[in-house]
Structures are given as C-alpha cells and as structure tokens.
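Below is one structure, written out as structure tokens; comments come after it.
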Amino acid sequence: MLLNCVVYQEGRKLADIDKREISDYLSRPGTFVWVALKDPTAEELAEMQQEFGLHQLAVEDARNGHQRPKIEEYGDSLFVVINTVEVVGDELKVGEVDIFVGRNYILTVRLRTEKGFQDVRARCEREPELLRRGSGYVLYALMDAIVDRYFPVLDAIETELENIEEQLFSGSHPRANIERLYYVKQKLTTLKHVTAPLLEYAGKLFGGRVPNVCSGLGEYFRDIYDHLIRINQSIDSARDTIATAIQVNLAMITIGENEVTKRLAGYAALVAVPTMIAGIYGMNFKHMPELNWYLGYPFAVGLMFGIDGYLWYRFKKSGWL
Amino acid sequence: MLLNCVVYQEGRKLADIDKREISDYLSRPGTFVWVALKDPTAEELAEMQQEFGLHQLAVEDARNGHQRPKIEEYGDSLFVVINTVEVVGDELKVGEVDIFVGRNYILTVRLRTEKGFQDVRARCEREPELLRRGSGYVLYALMDAIVDRYFPVLDAIETELENIEEQLFSGSHPRANIERLYYVKQKLTTLKHVTAPLLEYAGKLFGGRVPNVCSGLGEYFRDIYDHLIRINQSIDSARDTIATAIQVNLAMITIGENEVTKRLAGYAALVAVPTMIAGIYGMNFKHMPELNWYLGYPFAVGLMFGIDGYLWYRFKKSGWL
Amino acid sequence: MLLNCVVYQEGRKLADIDKREISDYLSRPGTFVWVALKDPTAEELAEMQQEFGLHQLAVEDARNGHQRPKIEEYGDSLFVVINTVEVVGDELKVGEVDIFVGRNYILTVRLRTEKGFQDVRARCEREPELLRRGSGYVLYALMDAIVDRYFPVLDAIETELENIEEQLFSGSHPRANIERLYYVKQKLTTLKHVTAPLLEYAGKLFGGRVPNVCSGLGEYFRDIYDHLIRINQSIDSARDTIATAIQVNLAMITIGENEVTKRLAGYAALVAVPTMIAGIYGMNFKHMPELNWYLGYPFAVGLMFGIDGYLWYRFKKSGWL
Amino acid sequence: MLLNCVVYQEGRKLADIDKREISDYLSRPGTFVWVALKDPTAEELAEMQQEFGLHQLAVEDARNGHQRPKIEEYGDSLFVVINTVEVVGDELKVGEVDIFVGRNYILTVRLRTEKGFQDVRARCEREPELLRRGSGYVLYALMDAIVDRYFPVLDAIETELENIEEQLFSGSHPRANIERLYYVKQKLTTLKHVTAPLLEYAGKLFGGRVPNVCSGLGEYFRDIYDHLIRINQSIDSARDTIATAIQVNLAMITIGENEVTKRLAGYAALVAVPTMIAGIYGMNFKHMPELNWYLGYPFAVGLMFGIDGYLWYRFKKSGWL
Amino acid sequence: MLLNCVVYQEGRKLADIDKREISDYLSRPGTFVWVALKDPTAEELAEMQQEFGLHQLAVEDARNGHQRPKIEEYGDSLFVVINTVEVVGDELKVGEVDIFVGRNYILTVRLRTEKGFQDVRARCEREPELLRRGSGYVLYALMDAIVDRYFPVLDAIETELENIEEQLFSGSHPRANIERLYYVKQKLTTLKHVTAPLLEYAGKLFGGRVPNVCSGLGEYFRDIYDHLIRINQSIDSARDTIATAIQVNLAMITIGENEVTKRLAGYAALVAVPTMIAGIYGMNFKHMPELNWYLGYPFAVGLMFGIDGYLWYRFKKSGWL
C-alpha cells in the first residue's frame, strides 16, 4: 500500500505527487522524493524498482522480508533493513522497515509493523534547515526514531526482571520464577538480534569512508551508534543478570529443600519418640513393674511429653523447626 | 560417475560433449565447460585433473572427501568445498560438494549426497543474461542453492526445540527432555561445523581483493554471506537456548523433587500420628482410665481422625499435598 | 546552577567573571575560561551553548543526562561524559560529569553528584607550570580525580566480597551468602558499566592521533588509562570470584544437606530399632518364653540399649552423627 | 644419538656422510644436508651448533626440551618445535621434535618419541621432483607427517566419548561416567596444547610474507594449516560436548535420585499403613467390637491387603513404583 | 636502601661509585651505570630522579608501588614494572620490581620482595661479550630471571591441583576438596594478574618498532615472551581444570547423597518389615489362630528373618547396601 509520495526541495515540501511522476523529479537538482509503502504487493515493489532503478537482490529482500538488520551499498545507493520491536500483550512483535536511499530519493517499506513514521515526517518538515541536507538526513531521522523506540521495550523487560529479582530471595514460587526468567531471556535474545547487527553496520556510517548519502552527517549517525551501544550493553548486562538469577534460584530451591528436610525430620522425631515409648510399655512381659504402678500411665505420657518438649526446645534453638 | 558435461557460450547451452573433448573447448573465448561428477572413482578424478590441469593437493582433497568447508585459491582457479546437510529420519546426513572453478570451466564433485543440482542448472539456463557472466556465476548459483537448503534443516531443529520448550515447564518427562536437548545440541553443532567455516571464506568473495572468477559478482556473493550470517546467528541463539533449557530442566527436576518430598512427608505424618496414638492405647498399664471407658475406642479413633483432619487442612493450605 | 566562572592566563587565575563576559575572553591568546555548572536548567545550558558555540547533539546529551561514558570529537572540541560513583548507604549512586573542552575553554556540568571538584581546581591553581598547558591539562586533572575516586568504591566491594568468602566454607547462612553475592555482583556490574567504556575511549587520548586539546599530554592520559585498566582487571577478577563463590556455595549447601540426611538417618535408626524390639515383645503369642522370664523386661530394655549403643558407636566412627 | 646424516643434490640422495663433513657440503649450491638426531646429548647438540652455526637460544631450547610448539625465525633460518602425541596404554604421551632449517640444511631432533620419521625420508626420496625444492619441502613433509599422526589420536578420543555418551542416558554408572568424562577432557586439553599454538604459527608459513625457506611452498603449508584447523575444530567441539555431558550426567543423577525417593516412599507407605492398622487393633480398649468378631482378624488383614492393593495400583499408575 | 651503584664499561665492571657521582659517568660513551635500590624512601627516589632525570609520573608510580605490570616509554627511556611472586607458607606473596632504563643507565627498585638479583648481576658480569650490549641486555637479564622464577610457583600450584584431583573421585572430603579448589583458583588468579599484562607488553619489545634500548636484542626478548606464553597457557589450562573439577565435585557429592539415601532406605526397610509383622501379631483379636500355635512365636520371628533375608539379598544385588 502506498502511504505517501512527496517531493522536497531545499528542505521544504514541494508537492504530493503521483507515483508515476517520480522519475520526472529524480533528475531535478536540490530535490528529493520520499516515498512510503506499507506491506506492499510484489507489483508495487516492481513499479518502485522501475522508477528508482533499484537492484534486483535488494528488491527481492524487501519482497521476502524477514531479513536481519543490515546496511548494504549498491553502487551509490544504500539498502537498509531495520527491525522494529513492539510490545503486544506479553510478547514482542518484530516488524521490519526496509529503506532504499539514493542521492535524491528515499523509499521506505514498512512490513508487519503497527506504528508508522508520520511523526518522523512531521519532525523533518518542521526543521527545513536540517531536511535541506537531503535523503541522508531523512535516513538518520528514521533510524533515530526506530532506535529510540527500542528503549521503552528494554525498560519494560528490565522492570519485569527487577520484579522477578524481588521474588528471588523470598524463595517462594521457584517454578514461576524460573519460567519467567526463561521467557525474559528469550525476549532479550529477540531484542539482541534486532540491535546487535544494526550496531555493527551503524558503526560504518561515520568516521572513515562513509557511503555518499551519509557524508557530512557523521555526528548524527554517531549519535545513533551511541544509542545502540547503550542498548546492547544493557541487554548484555540483563542477560548476565538472568544467568546469575537462574543459578541463584536453583540454590534457593536447594536451600528450601534442605530446610524442609530438617523441619520434617524434627516433626518426625516428635512423633517417633512417643511411639517408641508406647511400644515399650505395650510389651507383654509378665514382670514390668511400671505397668502396675498406679501412676504408670501418667508417668509414661509425662515421659513422652518431657522428651518431646526437650527435643522441641533443641530443634527450635538450632533453627530446624 | 559423470553426470553432465556441457559447453556454454554467451550464456546459452552449446552442446553436451564427451569428457575427452573438454580440453578442445577450454581455449575458446566466451565459452565455458560445466562438468558434474557424483562419487567419482580415482580414475575419473585423474582424467579431470588432466583435462583441466587441476592442482594435485586439491584433487587429493576431493578424492579423500571429508574436508571441512573451504575456498582455496590455486593460481587463477578456485577449489571450493561445501557441505550439504540432509535430514534423514531423525539424523542429519552431511554430504560434500567439491567445486573446481577456473576462468572457463566449472567442475562439481558430489560426494555422499542424495539430492542433485539439476534445479540449479535449469535455473541458470533459464537466465542466459546472468549465465553469460561465466563460471563465477555458476559458482554463485550452486553455493546459493546449497546454502538455501540449510534453512529447512535449521527450521526443523528449531521446531523440535520449541516442542521441547513446551514440555519443559510442565515438569514431566525430565529424562526425555534432557536427552532430546542433548541430541538437538549435537545437531546444531553439526550444522555449525558446516556453516561457520563457509561463512568465514564467503566473506572473502566480495569487498576487497576477490578471486578473479568472482569479480563483478560481489553483490551476489554478499547475498550468500548474508544468508550464512543469518543461519549462524540462529544456530548460536538456539545453542544458547539449549544451554539455558538444560539449566531450567535441572531446576525443574529439583523443584519436582522438593514437592514430592513435601507431599510424602505430609502423607507420612497422616499415618504416623494415628500409629502413635494407637501405640499409646496399646500400652499395658493396669490403670489407664480411657481403656475402660465405654466410648474409649471411638474416642481414640475420633482423636486420630481429628488430628489427621487438622493436619490435612494445614498441609493443603500450605500447598504440601 | 553556575558554580564558577574563572579566566586563567599563563597558568594563573586572572579573574572571576560574569557568564556574559565569557565570549570576550575566548579570543585572547594564552587565556582559557573554566566554567563549572551543577544540575543546570535547560536555559543555563542554552546560554553556554551560545557563549561557547557548542554542538546541538552534545548539548542535548548534557540536558538529557544518563549517557554512557564517552569522549566525542566535535570539530576541534571534545565532549566528554564520565560517570561518578558514590557509596550511599548500601547502594552505589551513579552520577555524571559532562565536560566540554575547546582550545581555550572548559565547561564542566555535574549531574546528580554529591561531591564537587573544588579540590581539583585548588590543585590546578597550586601548580601553575602545569596549568599553563591549558584546558587539556584541566581535562586530565578532572578525569584523574574522578577515576581516583573509583578506587575506594572498588575497595569497599572487595572487602565485602572477602567477608562473604570467610563465611562461605563455614556452611552457615547459605541463603544470606547467596543474596549478598548476588548484590555484590550487581554493584560490580554497575562499576563495570562506568569504567569499561571510559577505558576504551581513554585509550584514544594518547599514542597515535590524539585530539588537539590533548596533544603533548600523552603521558598524563596514559596514566589515567593505566588506572582504568587496573580497575577493570580488578572488577573482572572479582566477578570471576563471585561466579566461583556461587558455585561453591551451592556445593556447600548440597554437602550440608547430605550431612543432615546422614545425621537424621542415624537418629532415626536409634529410635526405630527399640520400637521394633518393643513391637516383637508386644506380640500376643501364647508361647513366648521371654515374656515369662523374671528378667525379661530388663533383658529387652538391655537389648535395646545394647544395639543402640553399638549403632551409636558405628555412626560416630563413620562421621554420621 | 645421531640417526642419519645424508647429503641430497637436485632431489636425490648423494651420500651418507660423517657429521664432521657437514660444513664441507653446506657451501655447495643445489645441495642440502639432512641430519636426524634422537635424544641427543649436550655435546652432540654443541657439535651441530658449530657445524650449522645455530643460534644459542634455539640450541638451549632444544637442549632443555619441553617447549611449546613454535616456529621462530633466526635470521634466514627457522627453528621449529612440534609436539608428537602417541597413545600409550590409556594415556597420551607427548614427545617433541625440534627442527632447525636453513637454506641448505635441515636438522631434526627427536625427543621422547617412540616412532621415527623413516617413512618421511623414504617418501621424500621416492619423489625427487618435489625433494628438489630443498630443505623447505622436507620441513613440509615432516610437519605433514606429524600432523597426520594427530588424527588417529583424536579419533580414539572421540570414540571413547561416544562410548560414554551411550551410557549417559541409561543413568547407570554415573560415577564412572563422570570420571571418564573428566579424563577425556584432560586428554583433549593435552591435544589442544599441542595443536593450537602450531595452528597459529603455521598460518604464517603461507599467504603474506613467509620465511625464505618456505617460499614457493605456500599451497603445501596451507594444506597443513587446513588439517590443523580441522583438528582444532574437532577438539573444541568435543570439549563442548563434554561440558554438556557433565551437565547432563548431573541432571540424570538428580533424576535418578528423584525416582529412588519416590519408589522408597511408595514402599514405605505399603509398610506403614498395615503397621498403623495393626497398631489400632493392638489397642487395649475394653470395648472394641471388632476384636470379638469371629472374622475380626481376617477382616483386619483383609483391610491391610485392600488398602495396600489400592496404593500399589495408584503408585504403579503414577509411575512411582 | 641503596644496594649497589656500579659503572660498567665495554661489558666489564669499572668501579663501585657513590650515588652522587652518577651524573658524572652518564655522559661517558660506552659506559653505563647500574643502580639497585630496595624499598627506597621518597628521598632516595627523589635523588635518583635528579641524577637520572626521570619523569615525575614514573617516579610517583615507583613511590606508590602496587602497580600492575607495564612497560612505558618516556621519551628515550623505559619504565618497567614487573611483579615477583614468592611462595610464603601456603600463600603467594606478590612483590614488585620497578626498572628505569635509559641508554646508559639502569635503575632497579625492589619493593616487598625477599629474594634479590645478585645472581643476575653475577651472570651478567661473567658474560662480558653480552653485557657489552648495554643497559638493554641488563633489562633482558632481569626480566628473564623474574619470569623464570614464576615456573616453580606454577609447578607448586599444579602439584597441589593434581593432589586434589586424586581425591576427587574417591568422593571423600568433598568439603575440603572444594575449599582447596577455591583457594588454588585464587592463587592462579594472582599469578595470572602478574603474568598476563606482562605478556602483552613483552610482545612489543621485539618484532616491529621497538624502544631504542631494546633494539638488537629482539631474539632475547622473544625468548621471554615465549616463556610468558607458556606460563599463561598453563594458567588458563589449570583454571579450566578447576572449573571442571568443581563441577565434578558437585556431581560426586550428589552421587554420594544418592547412595546414602539408597542405603538408608534399605536399612529402614529391614527394620520396618519386622515392626509391621510384630504389630500384626500384637493385635488383640480374640480369634487369631497363630497366637495359639505352639510354634507361633518362632514362626513370626522366622517370618521376620525370612523376609529380611530376602530383602537383604535383593538390596545387595542391586547395590543399595
């Protein structure tokens, strides 16, 4: 679906144009065309390939989708694949934005994403002195917006992790804790797959030799790179925390088991000792003086309570009960 | 066994030729010969060595088989070893394709593989404008086909892993889970050994200095490289998941043990307490008033049920039963 | 909040000036301005941006705060972000110092930190022959002070770790040990995030091509780098110790469990055997000679004590009790 | 002990010579001397140092032995240390071959090895067209032979590992399994120490700048490098398998423990319930109607069997027995 | 404390001189001064700084001590920090040697070390042809001596590790084993911190661009580097062994627990079954034919022994007792 097709000149919007007019504007100096597609059909992509002269392999990637993030140069133009991540219920939904950028055009293809980039377009149009820098600046603005949207996702995961952490040392719900830790780790892996390759490629958009469309914007792309480093570092740190938390959880389970065993043993003793005494006075010997005592029964029961009381005191003191 | 021996000129099939005619065609400009062998005898390889002037060490590798994936330059020609992976029953079968590529010839040697490359040849012949690029393009088409065949294998493994995952938190079948995780890990290791070295070598077929036969095809080989990166990343991620899953499984086992211990203890208490009471009223003291009560027996049994009922309630409440 | 605004000439303090005079002094040769802000408002930052001509992206970073440590070049000037770490109660409080350095100015922005840098200013003013080197030397002095403040934090963590270590092999308080290990690890992670990126950037301030403001001060910045390496190595080592300590703690718990099980079993045997003997002599057979013995009862009790005594001796010898 | 001292000219053996004649032949063009020593005395090494003009540090290394694998350049000559690995009983015996190679000589020193290199000498003499390439080719032939001898050692270890693997999931012999896994890991470590440094050095014998004596033999040394990569990869993979296997073994032990606990508990219940019932009918109440029933005893025993039968059925169904 | 202050000329000792004469000799060609200090006061260091013109930062490092190993260039001179390691009782004592080397002087500062370097001086004076090479050769001789002293320390640790290993599979003393493994690991970490940074720096003293004082001695410094690589490899290997050993120890503990549980259960059964039988014949039913049998009692006891005998046989066979 074609969302927008706009011509910009000297940083200002010139006109909404029809997609068949694109090639007319591509040769004008100081002008660039910004086209936005959403989940396009193969035909729409083929039309765009025609209009902009896109490389066959890049168009195939956009048609198939499910690419890993990458930034590829085809001659003077760039093909950029970035994943979007949206929190949908308790899951992460990974979408994809494919961007074709040339000297005087930028074509964005949104795949499987909920949220669009109207805000990026609006911000760009509000800052004509920056938009004047051309399609490279639009690429920056888009990448910046997508990367900024990773932060709340990461925050949500970190909050979840902190909640689990609080439960960890209470020793309760070990089964639920470990299951939650497992799924949080899966989410972090998803986020890592989205950000780590992008980090690697973003590092090539500033510093040494950079693609033509990005030249003069080094400080901007370095800013994106810096954000990605922060995200990646946070992910690595959270993954490390999870690994430790799983270990800790296992230890807490074993400690809990240990405590239960001790407690059980304590109570078992409290029952076993009277049973033994009762057994002794249940023996059928002819000559057992206690049996004939008038207070034999209270004596036996007293003995039971006495020993149990003493054991109870000892167990309490040593923390078994 | 010789499968095919075909001459191509300007991207179109010229003729099926006899293997002894090969050297006649090698000197013709704009022409290349594409020969396919399957599990060849030492003699067949020696003939080919003669016809194409292949290097002794490369031919020895092809004769011995069981090489790890690699791409070696011998002067102007390349010797490429790629492994195929096929799912046979519950196992992975690793085969090998050895490819000798020169400016005007390509010789493929299939070892221990079920599926051939008729589809690659057909695809190449359908696209003469690409096939015109010569033996380098055929190399690309073959590598692309082999690499694409890794994806369904990986998918099968990932599906298996997801099935195990579902069982993981149910706590049932821990023994089977861990055995399956172990074998899934072994399969991933197999796949990793097939793809990781290839990734490394494929990275040298585009970008900086590339072998002559690959020149001008950089974007195509980068596409293969990109696929291999995706596969490797998925493998690493699956291996990491398995490591965590084994830990989780161990934790679930310990948790299960813990729960069983508690449950047993609960039931043991329910039996031990009546046994103790019975023991007490089994004592042979002369003076035990209860023994003479008319309702002594129901009283004792009632006591047993009363205490057990209370314990049952307590155990249920604390989740032990 | 503006803390200081001072002009230095040839290594000596010239005057405290008003912030609106800054630009007047920036053009004088052999002179530099050192301005210190604390938790500034957006307006204060905007004024400074105006006076010093700071880059928009750097100012945004300073306004947002919560940056990871970095050293970025904007043309001839540097933007430096360093984190401070202060021990507040049982927690680490991470603050931030953002430094803008140009040929003839240095602007420091303290965010969320308790302790200021009056001592650095005093030290600089005491050594005019070093301060004469200009804003680069002030940058060194500030970085040196911040990095030196990491050492006591690290020492506190290492002391805590040693305390836990002593408890580890006593086998007592396993739950507390593991909780403390977990939180010490979190602190180390915090410290690592503060120092590791800084290490990386500090390595670029000496040796090969260095930013202009740092030139001629290579040996000083190498000294900071060397301190950071030491800190990082200590952190890594402490983290490794924690990982092992968690494993060891788990092993000690299991060993403890094992010992408790043995002990319980020993005591259970001491109760079970008399109970069995009592049961036997509680049987109601008509013909049980022992029952009629005059010393039958003492015999039975003696048997109980005898067997228990023997078991006691055996259990003691094998270390079960 | 001097094993051989032979002069070769144009790829053919010229003569066995006395060690004092060596220096006479060293100046002849197209000629090289190949000397083989076995566990030489310090004197023998000193003589050779004299004849060939070897560097003091290299000779000291050869005298001391127990070097790690390395390839060092001393001016135009190479000093190569390679370890041999032989399976002796159930252990790996690590030997050492020190090789001094110059333009027109090669001196091999075998230390603590069983098997010699007569086969290498024989193979070289059978292929004069290759031996004509001089001392560099002999170095290749020796290294190739030593590296090829690693493969059967690795195969033996992998077979042992597969045998353990089969036992792993049967759950039997956990103690023996873990002990065997530990020692297999030690063997892999030994093999790794022998091959990993060699891999690193071998990578410098082809490609970019190579030592003089190796020039023109790049494809041969690359072949050795390729073998070493395969060995190293297999070792890493086996080590990884062992790590997982140890984890799995631990899990199997815990699972086994769990099952034993359940089974014990089941049997305990089968004994405890009749004991309780017997206790109840052992009470001495005056008024217990069942005691007077004619079929009271069979009723009680029937009750015991009935409950036990029911429990048995339940336990069997839930897999506890 | 000043230990020595000697002038050397052309490889031979010229004279012991007073420290105030040092600067007189520094300008003489072919001459160098070798000064040795031990735990010097700040004043002594200041004097030396004066005499040799040492850099402030290096002198501060030497005064503070507790540096990590490093080799820093200050102009034409080197500042080298190396740690010594001495086994004192059951602990490792880390000392420090700081070396200032210039074209014609070498100043060594020993901090917190027991053993001196008289042997190095003696060895140097015995080999004038090598000592003639100047202060760089003395630096080599000192570094070589210090590094050689690491080997016996490492050997002691490895022997300790082997002793633990022998105990590991006997399953006895798990608590002591794990404690010893923990402390051996700590020692290895200490040794690693001493050797790993040195390795890194030593690699820069030969090969490419080397500091002036080291030029022409590449083969000597490579020898030190080679020793350090061997030490580091051994440390890494020992650490890996410890990690596995801790895992193995944990597994052995769990296995031991398992065996104890089985054994206990076996004995419990041997007591529980007679108790149950006794309970049955302790019931008070009027009509229990066995009670009236003349051989009822022996029958019951026989039954007890019979069942216990059978159980004993079964338990023995299945390895539970």
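Think of it as A, B, C, D and E in the order they're written, each chain with its own count starting at 1.
Here is the rule we go by: contacts are C-beta pairs under 8 Å (C-beta built on N, C-alpha and C of every residue); 3 or more make two chains touch, one makes a residue touch a chain.
The structure presented is a predicted model; accordingly, all values stated were derived computationally and were not measured.
Touch-path distance (fewest steps) from subunit B to subunit D is 1.
We define each chain's centre as the mean of its Cα atoms; on that basis subunit B and subunit C are separated by 41 Å. Once the centre of each chain is set as its mean CA position, subunit D and subunit E turn out to be 25 Å apart. In subunit B, the residues that touch at least two other chains are 247, 250, 254, 257, 261, 268, 272, 275, 279, 282-284, 288. Taken chain by chain, the contacts form a single closed ring in which each chain touches exactly two others. All chains join into a single ring; listed from subunit A onward through subunit C, they run A, C, E, D, B. Interface of subunit C with subunit E (complex): residues 168-169, 171, 219-220, 222-223, 226, 229-230, 233, 237, 240-241, 244-245, 247-248, 250-252, 254-255, 257-258, 261-262, 265, 268-269, 272-273, 275-276, 279-280, 282-289. Across the interface of their complex, subunit D is touched by residues 55, 57, 67-68, 70, 72, 74, 174-175, 178-179, 182, 185-186, 189, 193, 197, 243, 246-247, 249-250, 253-254, 256-257, 260-261, 264, 267-268, 271-272, 274-275, 278-279, 281-284, 288, 290-297, 300-301, 304 of subunit B.
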